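Next up: some structures, all given as structure tokens.
The same subunit A turns up in both complexes below, where it pairs with subunit B and then with subunit C.
Coming up: the complex of A and B.
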């Protein structure tokens, strides 16, 4: 039995499930707001929520996509008892999560938080080229027009930022000095690019797509500001073996066995690593390049 | 259009908030309202998107 930890509305999960049906593989899908109780029946651990009930021994593989297993933790009247029981419940919960992660899996619930700053440091350590970057709370040492700023958080959508619209924090060029200091912000050298590369990594295999975003003013800084009228040209791409090798080392170091990775191929021929997202979207490159990555995931599970 | 987030917050924000973009368009918002999801037991989700095939049936014959 396959355990899928995902969001109820995750479209990507539906696409993988289509292939699980084709392969006739059985699965349980856990939603992000499900709360589980840990029960023991005949010495076997049973996880029970309002939607699902399964023995962890019956799970053969786990795909962590979104959300995760969450537990209904009990509270106790006596403060001291509550403290002990809190620890006891944590031990059980932690055991369940670790047991599930010890099975065949794609990414881990316990390792789902990315830290872009640490990832960049590890990328440098494995020998990947990374555009020079720094944190600052002022623009005194910013090379205007040649420096970008972007979010270090995973979530880049700001609800109700405008009267009628939500906002999104795309990568932007810093072109003006600021008079006041601001919250510590991530700055990075702007690389003149030949094209961008979006990769999907799964257990040592890498599928890549070149995105020719540099010829369009709208997409040249951030290709996610899509030009629907005249979309960027996207084509299959094969990374040089040494970059592939370094990606494998980096992903092993980060303890991710799946993820989306972004690169820039610069005009001087270098491959600059930008970031890794273990739960990134991959259906786009799967469709455009005909990689059927959703099939690869279903096949692995 | 200036976003209202920076002026509303008492604490300082990172500089990239100055470059906040609008997400989507009025048209896409209206389209989103029209997107129909169905509950689907087979896929264990309440959000199965109802999509129309993008290839003409004649091409599938």
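Coming up: the complex of A and C.
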């Protein structure tokens, strides 16, 4: 039995499930707001929510897509009892999650938060080219027009930043000095790019797509600012073997066996590593490059 | 030396007199001359400088214009010293996670819908197209949608006769209740009793005409479609009949309800059994590359084939009808369109299918 932890209505999950049907593989889908109780029946651990109920022994593989297993913590009136029961419950929950993660899996619930700064340090350590970067709280030493800034955190959506809209923290060029000191911010050297490369990694295999965003002023700095009239070119691409090899080492070091990785191919021919996202979107490149990655995932599970 | 690299998402289909350039990312196709095709073939083997060298002074200018055209439309890019071999060709394999993509049902009796629902326990059907010969009430339309709750059916398209109870509350109520209906077409619709600017979950179309299923099979520019799925499918399989199943008004199960061969009746057999029957899938692998005339047509991968109505002139060694679709008025050898139903060469086949001949 396959356990899928995902967001309700996640489109990618639906596409993978269609292939599970074709392969005749049984699965349980857990939604993000489902709360589980840990029960014991005949000495076996059973997880039970309003929608699902299963023994952890019956799970053969786990796909951590979004959300995760969440537990219903019991509260006790007596403070000392509550304290010790909290700890007891935590131990059991931790055991259940670690136990599930020890099975065949795609990514881990306990390791789903990325840290851009740590990842960049590791990327440098494995020998990938990384555009030079630093944190600063002022613009005094910034090379204007040749430096970009982007979010440190992985969440780039600012809910209701404007009256009726959410804001999105796109990558942008720093082109003017700020007078005041601000919160520590991430700055990075701007690389003159020939094109970008979006890769999908699964257990040692890499599928790549070159994105020509350079011909378009609108998408030059951040290709997520999509041009619907004249979309960027997205075409199949193969990275040089040494880059492929370094990706595998990096992903193993980070303990991700699946994820999306971004590179820039610079005009001087170098491959610059930008970031890794273990729960990134991959259906776009799968469709455009006809990689059927959703089938690869279903096959792996 | 400079080299021209064609983007892998650009497909050039050579026809007898022209080529069609299909842009699989921007979902558009355009017609171009055979000269442009020959140039792109040449640029696959030689550097830009060497290609230009081969031409005389006047032609050089034209060649440069062609190359500018290819670059301006972003059909390719230039690399230096060699072609950039890190760009792999696109795979045209077609792989979809369904057993039946499209079930066409000529509906009279609702019991057939329940039979289909049962079949869905073992086979994944993606889309259902229903043609109803009789009027349907709001409750019946909602029932059609409800029968497929909790199944992997993704969408339902319904063609049914208009009737005067179809007012705003009928339509918007149906929209509120439905989960899977994505298109509703009302025929025999002389005057409308509903507003058409409502925000509905499905697209709503209506026509004065009396639609019958015999209206199907027309080949025309307006039905052409440039997209990945369409092109991958037509390169590997029959662009109409692959993963399709039809049930006609009598309950006969066929590949397409307009084709003569049937494989049992829904009343006494199951869809699963029919799918395993010899001959049911005989047209599934017949691509346009093996159909007379179509194989020389530049539109062959963006067009939908028809095996129900053909010119009845060709047959292959397996006994498959490989004639051109009857309702196509295009001649790839001259590059001209004409009205198919007035073409004297088609008279014999039209008599066979009992179509009215306009003179």
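Definition applied: the second predicted complex is superposed on the first by the 301 of 301 C-alpha atoms of A that agree within 3 Å, B and C clash if a C-alpha of one lies under 4 Å from a C-alpha of the other, contacts with A are read in each partner's own complex, and residues count from 1 in each chain.
Simple rule for what comes next: contacts are C-beta pairs under 8 Å (C-beta built on N, C-alpha and C of every residue); 3 or more make two chains touch, one makes a residue touch a chain.
Bear in mind the structure is a predicted one, so any value in this text is a computation, not a measurement.
Enquirer: Identify the partner contact of A:211: answer first if only subunit B is touched, second if only subunit C is, both if each is, neither if none is.
Expert: neither
Enquirer: Pick one for A:233: touches subunit B only (first), subunit C only (second), both, or neither.
Expert: The second partner, subunit C, only.
Enquirer: In the superposed arrangement, which partner chain does A:22 touch: subunit B (first), subunit C (second), both, or neither?
Expert: Touch status of A:22: second partner only.
Enquirer: Applying the touch criterion given at the start, work out whether A:11 contacts subunit B, subunit C, both or neither, answering first, second, both or neither.
Expert: first
Enquirer: Tell me the contact category for A:264 with respect to subunit B and subunit C: first, second, both or neither.
Expert: The answer is neither, since A:264 touches no partner chain.
Enquirer: In the overlaid three-chain picture, which partner chain does A:182 touch, first (subunit B) or second (subunit C), both, or neither?
Expert: Only subunit B is touched by A:182; subunit C is not.
Enquirer: Quick one: is A:293 in contact with subunit B, with subunit C, with both, or with neither? Answer first, second, both or neither.
Expert: It touches nothing on subunit B or subunit C.
Enquirer: Between subunit C and subunit B, which one touches more residues of subunit A when both complexes sit on the common chain A?
Expert: B
Enquirer: Of all the subunit A residues, which ones make contact with subunit B and with subunit C?
Expert: Subunit A residues touching both partners: 21.
Enquirer: What residues on subunit A touch subunit C, complex-wise?
Expert: Counting only subunit A, the residues touching subunit C are 15, 18-19, 21-22, 210, 212, 215, 230-231, 233-240, 287-290, 292, 294-295.
Enquirer: Could you list, by residue number, the parts of subunit C that touch subunit A in their complex?
Expert: Interface residues on the subunit C side: 7-9, 24-26, 74, 77, 86-93, 95, 97-99, 124, 152, 228, 232.
Enquirer: Taking the complex as given, what residues does subunit A use to touch subunit B?
Expert: Subunit A residues touching subunit B: 8-11, 13-14, 17, 21, 28-29, 139, 149-151, 157-158, 161-170, 172, 174, 178, 180-186, 225.
Enquirer: Help me check something: in the complex, which residues belonging to subunit B touch subunit A?
Expert: Subunit B residues touching subunit A: 1, 3-5, 11-17, 19-24, 26, 29, 37, 42-49.
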